[in-house]
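The chains carry the letters A, B and C, assigned in the order they are written, with residues numbered from 1 in each.
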Amino acid sequence: MAALQNPVATLTADGLIGSLPESAARAALADGAVSQLAIETKDSVAEAEVKNRAEVRNLSFFYGEKQALFNVSLPIVDRKVTALIGPSGCGKSTLLRSFNRMHDLYPGNRYEGEIRLYPENVNIVGPDVDPMLVRLRIGMVFQKPNPFPKSIYENVAAGLRVRGIKAKSVLDERVEWSLTRAALWDEVKDRLQESAYGLSGGQQQRLCIARALAPDPEIVLLDEPTSALDPIATSRIEELVSNLSEVVTIVIVTHNMQQAARVSDFTAFMHLGELVEYDMTARIFMSPRETRTQDYITGRFS
Amino acid sequence: MTFTDNPGSEGFGRSALAVSPQFLRRRRLVGLLMRAVLFAMALVSVLVTAGIVYVLISESAKFFAHVSIVDFLTDTEWTPVFENPRFGIVTLVSGTFVSSLIALLVAVPLGTILAIYISEFAQPRLREIVKPCLELLAGVPTVAFGYFALLFLTPIFRQFIPGLSGFNLLVPGIVMGIMILPYIVSVSEDAMSAVPASLREGAYALGFTRLQTAVRVVIPGAFSGVTAAFILGMSRAVGETMVVAIAAGQQAKIAYNPLEGAATITAYIVQISLGDLPHGSIAYLTIFAAGLTLFLMTLAFNVVAFWLRRRYREVY
Amino acid sequence: MTGAAPQSAAASRLPAIDEMKIVRRGRRLDVQFAVLGLFALTLSMLVLLSLILDMAADGLARIDLQFLTSFPSRRPEEAGILSAWVGTTLVMITTAVLAIPLGVGAGIYLEEYAPRNFLTSVIEINVTNLAGVPSIIYGLLALGLFVQVFALGETIFVAGLTLALLILPIVIVATREAIRSVPLEIREAAFGVGADRWQVAWNFILPMARPGILTGAIVGMSRAIGETAPVITIGALTFIAFLPPPPVQAEFPFVNFDWLNSPFTVMPIQMFNWVSRPQAGFHVNAAATGLILLVMTLLMNGVAIWLRYRIRSRR
């Protein structure tokens, strides 16, 4: 198998699809798990090609003296949903927040290793990369909905204004598109100038999703986006996350395994700061390779 | 694949919404500029202190070129404008000291009682009314207090105290006590509310009354904060100008008798500023020497108070 | 029933105590102290009230159009506070224009930009220290530095600058507290949306902190209006029978800044001057001026208190 090469990653035999009989490979293609397929006729080994949007390479993270991530490596497949699951304290939020350099807001934190963003092939946790620039390309939705004390329109437009986009036509267009994609447009189209705080919790979170989408980010990070919401709001958001992956790459942290199984294409299970297992979601949940993964999924520990 | 329903975006890696390098450059420049500007603004406070120290020391240096420090500190008369001038700062300091002491004698008991009352006894609703009222008291201009001391209180007091002269230290002292009351109450009450509820509950559970809890548990627990409050009040009284300038008179003498007027450091500085002394003269330079003395006194008080407050903040 | 000690086989016994008597005594002391507290409260409020009423009784009748539009005079009945209140207004404008941006800017720097290092501690200690420096020392600073070394003269600008420096710590502390009260999640969301530090501070944090900052500014200005000592030390004259040049004029460029360089007086100084005279007529004038000053400061502090209450209830 050819080694990992950007921007195209070849899934190796180490943990992913890798060498499969042709039938299985075509089945994977039909699944939507891979976007391209190259078949070498020579020995019927199918090489599945998948585009990566980002790749975590040997990432370790330190809160001051305390190490929170230990040598984590995983790909983030383009325009797919990757879920990070694991018990509390496993480092999934820490890993998520490394993508958009949120840790840099607080003193004493340190990254070792890389997170590469494609196609530029830049290490976004490198010391020479300005965190502000990273946040212009990677958006985030937080656990508790946190709209700004502004109107609905201005909340969605905030990311655009911050990038210097002022033309009303562009703003109007993006606001409508983002709110539509966040399944909120119909509910708020007549009250765009009203305060965002007038919306319900679920609506506010969808507003925050629209806000993250508006500047056309390359990746959207979702940090347990439904844990503060009721079940109905939760299912609405899960639905829209699946649809969203058509336009943007998603990484979602969730402590709810069923949610991960429902919405994600790939899942990474983490425990005590390490990546235990990464695979297609179906594989992780139906036939995990590691004992720890098995134990977590069956509820042995949470 | 292109995603035609994402307006402004052109798919993988490129987007019409991509941030232009010019914008990024400009934003970075603005950011750097604002950072520098804001830093300069923050530095102003350091510059002010530096300015104060510079002015006081350099002008006092000119003064002490002609007057020995020993004389300054030990002489018992202050007559800078006389033919044979005497420069005993102790004179002015005594006036400051006596008036401030009287202020503390009024403010400490009253303030402590009020602070305990607000913190431990009063209903929350009463607290909501009392604290704003004290703030209003703190906002009254000091000239108004001066007027009040001279033209309202002094005549009344003179009815009851036969030896009280028109200008005296007693009445301004009492008025200053009322003036610093809000500060003492506010700092003490802050200190008391920092005492954890668990300590109070423990006391009540043992059968302590409210008063016993306040005196035996809360005050010892807030001791450094309460002491800091007293010291801050003293510092404020020492630095007070208008009340004493109006009601305590201009006579510079050792203040043995609070029933008579005496000049304080601050009142003296005002007196000279109102006059016509030539700017380079020794008599004129005395205000800087006096100011330096005042500055060092209040600095000492503030440092001790700051250190005390920091200590109690660390305990919890 | 008296509190008989529980009998036990071991010899340890609590002495017999009269529980009811202790409880009654404790309760009585509590009540007595509460009365004492209320008395202390009443006393201080009484002082405030009598100050206001006394000044009103002495001076209210004196306030009329003539008083407000006349210059000081050797005759108390003809004297007025025109130059004084114009001076106060102009000085206050200067103070506000200088103190508020400086204080807010310093507050933003300290909260949003300053790293935790020695220099930052030095700045913070300075701010705390300056809050406790007597106001007359600021006057000496202004006299020694601005009037003499910088040769700016005894002008409105110097007075405004001095008072601005005096109230700077108030504005800085109020700004910092207001910024600190903005919830963390808003700050994270603002960074998350791709804003840089300045954009976060200016576009997101500051609008939310505005009411708190405003409160601090009002309290600061209220303090500045009543300050006398530093302005005297600078050399504000007490017998000013003219007005500074007006800021607006008929010809281009329509605004004029000459007034900044003009000698002046302010209301507290005028009041001080009148109070220091022996004639009763001047005392009446002083009371009238004092009443106006009182009303202004009480109003400003009242607005600040109301604002603070509104902020707290909105949270």
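Note that a contact is a pair of C-beta atoms (placed from the backbone, for glycine too) under 8 Å apart; a residue touches a chain by one contact, two chains touch by 3 or more.
Note that this is a predicted model, so its numbers are computed, not measured.
Visitor: How is the touch graph of the chains shaped: line, ring, star, complete or other?
Guide: complete
Visitor: Taking the mean of all protein CA atoms as the centre, name the chain whose own CA mean is closest to it.
Guide: Of all chains shown, the one whose C-alpha centre lies nearest the global C-alpha mean is C.
Visitor: Using Cα averages as centroids, what's the distance between chain A and chain C in whole Å?
Guide: About 52 Å, centre to centre.
Visitor: Rounded to a whole Å, what is the gap between the Cα centroids of chain B and chain C?
Guide: One centre to the other, that is 12 Å.
Visitor: Rounded to the nearest whole Å, what is the centre-to-centre distance of chain A and chain B, using the mean of the C-alpha atoms as each centre?
Guide: 55
Visitor: Hey, what residues on chain A touch two or more of the other chains?
Guide: Each of 136, 163, 215 in chain A touches at least two other chains.
Visitor: Provide the list of chain B residues touching at least two other chains, using ranges where the numbers run on.
Guide: 27
Visitor: If a residue has to touch 2 or more other chains to count, which residues of chain C qualify?
Guide: 196-197, 199
Visitor: Going by the contact rule at the top, pick out the chain A residues touching chain B in the complex.
Guide: Going by the criterion above, the answer is residues 51, 78, 119-120, 133, 136, 160, 163-165, 170, 173-174, 177, 215-216, 246-247.
Visitor: Can you list the chain B residues touching chain A in their complex?
Guide: The contact residues of chain B facing chain A are 3, 5-9, 12-13, 15, 17-20, 23-24, 26-27.
Visitor: Report the residues of chain C in contact with chain B in the complex, numbered from low to high.
Guide: That would be residues 26-27, 29-30, 33-34, 36-38, 40-41, 43-45, 47-48, 50-51, 54-55, 58, 101-102, 105-106, 108-110, 113-114, 122-123, 126-130, 132-141, 143-145, 148, 165, 168-169, 172, 196-199, 202, 219, 222-223, 225-229, 232-233, 235, 238, 268, 271-272, 275-276, 283, 286-287, 290, 293-294, 297-298, 300-302, 304-305 of chain C.
Visitor: What does chain B use to touch chain C in their complex?
Guide: These residues of chain B touch chain C: 27-28, 30-31, 34-35, 37-39, 41-46, 48-49, 51-52, 54-56, 58-59, 110, 113-114, 116-118, 121-122, 130, 132-148, 150-152, 178, 181, 209-212, 232, 235-236, 238-242, 245-246, 266, 269-270, 273-274, 279, 287-288, 291, 294-295, 298-299, 301-302, 305-306.
Visitor: Could you pull out which chain C residues touch chain A in their complex?
Guide: 115-116, 183, 185-197, 199, 203-204, 207-208
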